[in-house]
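Can you keep this structure in mind? I'll have questions shortly.
We call the chains A, B and C, going by the order they appear; numbering starts again at 1 in every chain.
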Amino acid sequence: MASDIIKDLLVSLAAILFFPGGLFLLLCGLLYEWIDRKLLAQLQNRIGPRWFQPLADVIKLLAKEEVVPEEVDARLFIGLPIVALAGGLTAALYVPFAGLAPSHSFNGDLIVTIYLLSLLSLCLGLAGSNTLDRFSLVGATRTLTQLFSYEAPFLLALLGPAFAAGSWQIQEIATYTETRWLLLSQPLGFLVAVIGLMGKLELPPLDAPEAETEIVAGALTEYSGRGLAIFRLSKGVTLILGLTLIAAFYLGGVSNPAFFFLKTIALLLIIVGLKALFARLRIDQSVGLWWRYGTLLVLIQWLGMFLWGGVMT
Amino acid sequence: MEKVQTSRSFTVPIGPQHPALKEPEHFLITVDGEIVTKAVVRLGYAHRGVEKATESRNWVQNIYILERICGICSHIHATAYCLGVEKLAGVEVPPRAQAIRVLVAEMERIHSHLLWLGVAAHEAGFDTLFMYSWRDRETIMDLLESLSGNRVNYSVNLLGGVKFDVDDELARLIYDGIDFLEKRTQHYLDVVTSDAMFLQRTRGIGTMTRSQADVLGTVGPTARASNVYRDIRVEAPYGAYGDFPVKIVLDERGDLEARFVVRIKELFESYRVIREILDNLPAGELSTRMPRRIQEGETVSRVEAPRGELFYFIKSNGTDTPERIKVRTPTICNMMSVVKLAVGHQLADVPMIVVGIDPCFSCNDRMTVVDRGQGQRQGWTWEALRRYGIRHYQRLAR
Amino acid sequence: MKLGTMFQDVSSSFLRKPVTEKYPFERRTPPTRLRGTLVWDAETCVGCGLCATDCPANALEVFVLDRKEKRFALSYHPDRCTFCAQCVSSCRHGSLAMSNEVWELAALDRTSFTIHFGDETDVELALAGKTASNAEASSE
């Protein structure tokens, strides 16, 4: 009896710490970061990093001394990256990752997941405004500005499939989309979701919050060692979770592990292609882009869905 | 680090160490939110004492120290110096040497403008254009290496001529390379004039009117993009530019896009001139004999570097070392336009505006101010400097 | 106004080999005019020392041991050399040239940064003379 409880505990611990959560998720994040960099290099006619480069970067950063700047709330400075990573890892509990069913599921977990994923931007913004560094401050302002601009369209774009499936539970939506490619019926929503993910991860052309030629590293300027490593890991986690969500909702389900990797990597290729093709937008331009076009596109999508629904019934 | 001011505006330092700048220079940008309200530049971080160093080396050795003022437009510095010294010595340089000098100068302009295109694209966050333009720039670097034996400091110039000849095989290589580059350049012109995302960062940004360009004393492509008719190759042809005339490239708009267009169109002009020179390369000697000691006198030598007018003042006292060499590089002339134009733009546009003049900071630093903190500076007013000069020469005369 | 004007470049690169050269593993043949390390021809040298005078980096030292017997030695410092080839141009007898084969000159010790040209005994003599003159200079 007691041994059964211990066994159960060990299994769930292993699930959280190693597979499919925790360590495996982090390593997958690093793998996707490498694929991202390698593909971008290929598109730019370069060689790109070797496969272990993201891992080596993280190990190096973990080994480095973490400099806590003066006149900074040290607890916040050290705590924020951990909160960001924890948010990403918690979100992973509700997402059908690597072909497995999510370990937890309840009605409305889609909203919880989206907000847990936003925790990264929020922590970045707070980390930037926590320091006195001017680049960090400008970067934090831009991060938060961008958060308020992409979040609404991104949320609406992910609610499209939820509306189609008639459920706000990721597991149910994923089951619903297993046989349907919503990309075909909701192309605008898909587009907004992909670009929204790029905005969330501050990828070019929406990388104004960390534009290195203007504000060095944006909100992360003052981070050097462990904190930077953890922020990078949580970016990797957010990347892979975002890809999973979009692939599950729009690309015909991810219940098969092979399809999961195929579809998420195909999605990554689209993102890398967009990264390579466009010049960086200024922060006012990207806010304009989101409110002028992004939101409008999603609303058109929703209008279409309502009308279609009306016609069908 | 200074503390951030409590009011709505605060200052953002760009430089001396900053990813946007590949060389040390300090811009102190006061911003209100994202809008720049004031910009101040501080020069002098890369003062190397080149001018003083020339006074302890002989005329020949100075070619190479002056060539190293700029890593990108190295040849044009040596050319300006050699033209000046040859004028002082009254030596006539063979036409073939003059043509080869111009040939290399135009190849260097191609290399410099393509480099600038990449850097400017990178500042705008358009790394793909950066990678491709630098990839294609390798073509011209390889050609320069085949011609001179070095990729950067070509050392083509000698006092009284050039070192390297252009034979048929090399000419064919250059023709091929230019043909390839011309196609690519046309493509880049299309990209910078039609890419909607890129135009958002360049069109209407940093607009400098013609009168502003005149008042601020801008030179080179920066001035020509504001429709200022200013190109030494056209106005005062030196070397072989008399035989191989260049058409001036102008643009009326004066914004960043115009600067892209002017520089890229200048590339076509360079391709044309290079072809013309290779077609009609004058026969003859490569160099002529040059005296070791240059007769007493002083002269001014002006050439058109890729970034604008390059100015040399050379004074000889009849020995084998110069008495004074003064260099004024184009960046210093264009620097004030940056500070002026940045005001009213967004912080995000500042790196683009800085790069828009194609700055070469290490070249322009001729003096430095040592500030020991607490505002203890020692400076010379113009009047004090003049009085000191008069006293100095009176003492010498005695 | 177009979007994604570089699509052609980007998509064609997808299947293209990167242009980056993996330098130590892949080497291109250097151009014939490449300015590598200096080569000295003792036969034609007359010991005028013009190369050393014109060298902007003081990378050359010419030792004249016996002008009549044509006994000269030359010390070359590749670490100071700027590879401008002025010495090659200055030499009126074509005794100097720059190799296009030897150009990877990086080393971990300093001994390879001084190259002595000339007969071995001449070099020894020249170096002995140099240290002697140095000692003289310091004692003065």
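The rule is simple: a residue touches a chain if its C-beta (ideal position, glycine included) is under 8 Å from a C-beta of that chain, and two chains touch if they have at least 3 such contacts.
Computed from a predicted model, the values in this text were never measured in an experiment.
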Chain located farthest away, centre of chain A as origin (C-alpha): C
Comparison of A-C and A-B (more C-beta pairs in contact): A-B
Middle chain, criterion being Cα centroid separation: B
CA centroid of chain B to CA centroid of chain C, Å: 29
Where chain A and chain B are represented by their mean Cα positions, the distance between them in whole Å: 45
Centre-of-Cα separation between chain C and chain A, whole angstrom: 55
Per-residue multi-chain contacts in chain B, two or more chains: 128-129, 132, 135, 195, 197-198
Where chain C touches two or more other chains, by residue: 3-4, 6, 10, 19
Residue numbers of chain A (touch at least two other chains): 43-46, 276-278
Of chain A, residues touching chain B in the complex: 43-46, 132-135, 137-138, 204-205, 207-208, 211-216, 276-285
Residues of chain C touching chain A in the complex: 3-4, 6-7, 10, 13-14, 16, 18-20, 22
Interfacial residue positions of chain B with respect to chain A in the complex: 1, 3-4, 10-13, 18-20, 31, 34, 121-129, 131-132, 135, 195, 197-198, 200-201, 346-351
Touching residues (chain side chain B, partner chain C) in the complex: 57-58, 60-65, 67-68, 128-129, 132, 135, 138, 145-150, 153, 155, 158, 163-164, 187, 190-191, 194-199, 287
In the complex with chain B, residue positions of chain C that touch it: 1-6, 9-10, 19, 31, 33-35, 53-57, 82-86, 88-90, 98, 100
